[in-house]
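One chain, chain A, links the two complexes that follow: it is found with chain B in the first and with chain C in the second.
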Partner chain A sequence: MNRVLGDWRAILVLLGPALLVYTLVMLVPIFWSLGYTVFEGNPITGFEFVGLNNFATLFTDPKIADALVFTLKYAVVLTIAQVGFGYLLALIYVFWLRKASSLIRTLAFFPVVLPTVAVALLFQELFKIAPQNGLVNDLLNLVGIQSVDWFASPDTAFLVLILMDLWRSMGFYAVLLYAGLVDIPDDLFESARLDGASGWRLVRHIVIPLSLPVLLSSIIFSVNGTLKVFDSVLALTNGGPGNTTTPLTLYMYQTSFTYGEYGYGSSIALLLTIICLLVTIFIFRSSRRDLTKG
Partner chain B sequence: MTATFTDRSPRFIRIVRRIPVWIIVGILLVVVVYPLFWLLTGSLKTQEEFLNNPTWALPEDWTNFDNYVEAWTTGNLAVYIRNSVLAVVPALFLTIVFGVAAGFALEVMVWKGRGPVLLAFLAGIMIPGQMILLPLFTIYFRAGLTGTLWPLIITYTAIGLPLTVFMMATYFRSVPREIFEAATLDGANIFRMFWTIGFPLVRNAIFTVALVQFFFIWNDLLIALTFTTRDDLRTIQVGLLNFTGQFGQIQYGPTFAAIAVNVIGTLAIYLFLNQRVMKGLTAGSVKG
Partner chain C sequence: MTTARNRARRFVPLIAGLGATALLLTACSGDSGGGETTAPTDLTYLSFAENTSIQDTLTSLSTGSCSTENEALPLDITTQPQASYDQQLQLLAGQNALPVLFASGNSPQVAKDLNDGGKLVDVDAALEELDQTDAIIPAARSTIEALYGGDVYVLPTEFNVEGIWYNKQLFAENGIDEPTTWDELTDAAAKLSAAGVTAFSADGQDGWPLTRLVGNYLFRTIGPDALQKVIDGEASLTDPEYVEAAAAVADLGKAGYFGPSVGSIDYMTAVNQFLTGEAGMFYMGSWILANFNDPAQNQIGAENIGFMPFPEVEGGAGSRDQLAANVGVPLALSKASYSDDVSAWLGCFAENFGSTSLGEQGVITGFAVNEPVEDLPPLTQAVQERIDETTQSVLWFEALFNAKAATTSQTNASQLVTGAITPEKFMEMVQADLK
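This part shows the complex of A and B:
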């Protein structure tokens, strides 16, 4: 039996293509990209060896500091918002809507599958001021508030970005957390209720502790995703006004393709990768801690 | 879920208690559905209506599809969609074929070193796309592939593999090993076993993974933006990104129509398969 299931030729035929493509198109480029970090230039103008210069620049470039701060701010704010709203929705699905929640779940999930570019253009129109007001400014005017130029100031641009990504993602986290909540055995609720717990106390002492593992993995998954934000920023604000909404991903892209700095661009990509790796290690550590807690 | 807030209070109180929830549900519906409704009505309005009527006004003629025609032809939407299909379909096919075979080899077959190989694939899930962008750009440029859709097909296949391999390995793990052992005793060779036993057993799972990958690839912007150097190679996302620029900021109708085409297309797939899409995307993403 092991002769068949351990047939090397068969393993090679089945695994070979995937491993080959993966190695050539992902693994090799990762190390190649590491190599770029000690060079300056690009394939067209040629490369010059600069040692650790790119890393030195990384620490002194004020734009890196701005991009890093924006990336972290975005990741923290959006994570709190999307997991928070997602959890609230999940609680509504489970405890109030119950069986009737299917339709609402389907509707609230729909924005998740929409192309980000389309959503970003839609939000640009919604929040538009000139030459023709969008829906949001029209509504503001209706209640007597002056139109706001949403994309002209860093704070309002950030707000629109967060609102848009929240709109896109809360249905996703709601379904994810809903799946975790449905797994909680019913008798636990019954006995808690017999002990006199109800409403908010039931949520605080039974629901939250028991859904902690899925809540935790949602949070970390969300951080990991938000750190890599690219599409929504590029399509909605293109990093502006100025570079106030430019995350590391977009700054890396601009450095590499607008300014042709492959070496420095690779260094920024490495910084981003390290941050993502740290978060991922954190995932494994915290999930292991949960297992030991039982 | 049968956990309930049962109480013996009269029906009237129960209805009053539910009012806040219905308000929340109402708000949710308005927040999720209204922007899309606004988009669809906007796509049917004429330039006149955009300039003279309030933004929430309904279109005067519900059968005015001029904007769609304009977006489709002058806006090159047809070309962009064709490019997207030409890039996504082969990439999806290759990802699934390679990924399912690799998942089978890594989970069902018995050999030393399969743990580390699976881990190597797993590592690919968390690598940001930016990390492999520049070397790939160099390679495709040197290989003379930049004027074609090949860079997209190749890159999408590679990027889709980690998640596909990992999910397929997980699905194969849930198939009882005895099935494969029995088949071996019956003298089936490994490829026959893969085709006649392994493949049919995970057919539904394959469909789910394919759906997840489809949405990832179809909605991708980063790879498409980097590797489509010519206008006539743009995918739908890149084309849409440049859409307002093409018409100038003043042409509302075609812009709304172009966004609407994207939304309606996705909506069609989603409505048919929503349960599966939800399950697939959440499963696929959490493991990532």
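This part shows the complex of A and C:
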């Protein structure tokens, strides 16, 4: 084995094809996109070298600030909600439902496998007001509350978006965290109970610290996924009303392909990459503290 | 630490190399030239998936009047959803692989860019060569010239006039005469609203039917060159007389004339609202005649629908005679594949498209109708007469805007009429994207 691993030709034969494919489909587009950041234009008008102009525009474009605020707000709210509810579901699976949890797990996981566009259409129907009320407005009318035009106001549109993505994703985090929880040895719980720990104390001192690695992975998954939200927003609100639910990804897409500004679009993509990287590093660093030591 | 630094140093040349290659590749890509002409083997046609009338007319021509041309160069139709159409066009143009004939994009700017890149056939010159200079009717020609800076490099497969359609019965029941001024229009809206009818049916989800009102108000107050002045930098959308137009339309929303949930109403819902008698008025282009002439959709009866030009604004420089007009989905021809066979197709197209489209699809085009079409529905006939009477047309609010400003305008229109943003803010946002 050592002889094979020491032979550069063997390494080349074994790794070469995969490395080549990876380079072509991942690295080249990344660097190609990076190259675009110093150009202006598109394939129709041609490209012109503009140096760092696109980066300067990032700081003066008010739409970037709006999109950034929305992206961060969405990421924070949805991460807390989907990991929080996912963790709650996982705790219910393990400590309350125990072996009878498989049906509930399947039901909670079901929305994860549905296509985003189908879910968005479902939520549009549920919350619609015109031409006829959706189920939600019908229920509101039933209890004497007037119909709400959910997609006309930024706050209500944001609420529906969060509800939809939470429903769609919490089953995934529940299953992920469940896998972490079932890994904790039973005898640890028994000895903790013998020592008098129960309820919140048990969760605080045993469950959370021992499921921390998978919890951390969930948070990183969630933050990175929510920062890059695109399809659900596009399908549910298309960034509206106005541009009040437009995340950086959608603005990047519009800039590149609708407005034909490939260079500036790539600069927005780079900004998003840097934000994802910084947030991930921040989460890793803040998790270094050992929670089992109080 | 030292090992890590050494390892990192080893990657620096690799990263720099890749970066430099990417820069070079990027700079080399997107050749904006027209490229060499290569004779095509098919008449490839790319258009919006949503528009079926042009492809149906082309198919009909390929088996009828243009069958000889079709034998030499068979028609091959491909469609692309309108939402991603410009992206597809950019990719094809970047690869010098534009189809022979194609819809010129979502906004006039796309065709302007393609023409600047030397990729389009000069339709005017090509028609002259074919001795078909009269193929495009004067009204359509002047609209094309206004849209594309005086040049004609697209084919007008539609010619639509725009205005306010109204329900004659509802008007009569509420004692309303056809409004000729803005004040009369708002009075009519107030009467309809008081009678429990939605005054204006409007597609707030797409936004453009609302911004059309802003544009028309500007053409009536400032004159037909109101938006050209903005593009030329002689005026700004944030000037008080421009903001006044946005404020006038916002006031209609504030008074509840668009109904309670205009932002959630899509195109077909707006059409249905009008055709089921729920709304008294409907601003729309003459392409809507297909829906009006369909008894299955039209529950109020075609004879019950009237058409009025956008009213005048007292003291304004514009007049009701200046109808808003557009050329629907204009088609362009790729210069790189313009051969003799394509030229023959263009000749046949110019000669027969107008009558075939009107006769078989009921669509009024920008081409002369060379074969008389009998038994046109009365409403279509009335619009055709109105087009013939029109001596000057105006464009629409976003016609001269770039894609960014047009998107901002349309996506924020419903917020303007619901009062979520002020008229000043609306115009400020659109003006900011015009740069």
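The rule is simple: the second predicted complex is superposed on the first by the 260 of 294 C-alpha atoms of A that agree within 3 Å, B and C clash if a C-alpha of one lies under 4 Å from a C-alpha of the other, contacts with A are read in each partner's own complex, and residues count from 1 in each chain.
Note that in this section a residue touches a chain if its C-beta (ideal position, glycine included) is under 8 Å from a C-beta of that chain, and two chains touch if they have at least 3 such contacts.
What you see is a predicted model, and the numbers here were worked out from it, not measured in a lab.
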Which superposed partner A:145 touches (first chain B, second chain C, both, neither): neither
Chain B versus chain C as contact partner of A:46, first or second or both or neither: second
Contacts of A:76 with chain B and chain C, given as first, second, both or neither: neither
Which of chain B and chain C A:65 touches, first, second, both or neither: neither
Chain B versus chain C as contact partner of A:257, first or second or both or neither: both
Of chain B and chain C, the chain that contacts the larger number of chain A residues: B
Chain B versus chain C as contact partner of A:278, first or second or both or neither: neither
Partner chain(s) touched by A:134 [first = chain B, second = chain C, both, neither]: first
Chain B versus chain C as contact partner of A:212, first or second or both or neither: neither
Partner chain(s) touched by A:56 [first = chain B, second = chain C, both, neither]: neither
Where chain A meets both chain C and chain B, residue numbers: 27-28, 32-33, 36, 43, 131, 257
Contact footprint of chain B on chain A as seen in their complex: 1-2, 4-8, 10-11, 13-15, 17-19, 21-22, 24-30, 32-33, 36, 43, 89, 92, 94-99, 104-118, 121-126, 131-135, 138-139, 167, 171-172, 175-176, 179, 181-182, 184, 186, 189, 198-199, 217, 221, 224, 228, 230-231, 234-235, 249, 252-253, 256-257, 262, 265-266, 268-270, 272-273, 276-277, 280
Residue ranges of chain B touching chain A (in the complex, touch as defined): 1-5, 18, 21, 24-25, 28-29, 31-33, 35-36, 38-39, 42, 50-51, 54-56, 94, 97-99, 101-102, 104-106, 108-111, 117, 120-121, 124, 126-136, 138-139, 141-142, 154-155, 157-159, 161-162, 165, 180-181, 184-185, 188-191, 193-194, 215, 218-219, 221-222, 225-226, 236-237, 240-241, 243-244, 249-250, 252, 255-256, 259, 262-263, 266-267, 269-270, 274, 277-278, 281-282, 285-286, 288
Residues on chain C engaged by chain A in the complex (per definition of touch): 18-19, 21-27, 29-32, 84, 86-87, 89-91, 93-95, 110, 113-114, 116-117, 119, 259-261, 263-265, 269, 272-273, 402-404, 407-408, 411-412, 414-415, 418, 420-421, 432
Chain C-facing residues of chain A, complex: 27-28, 31-36, 38-39, 41-47, 49, 62, 128-131, 147, 149, 151-154, 238-243, 254, 257-260
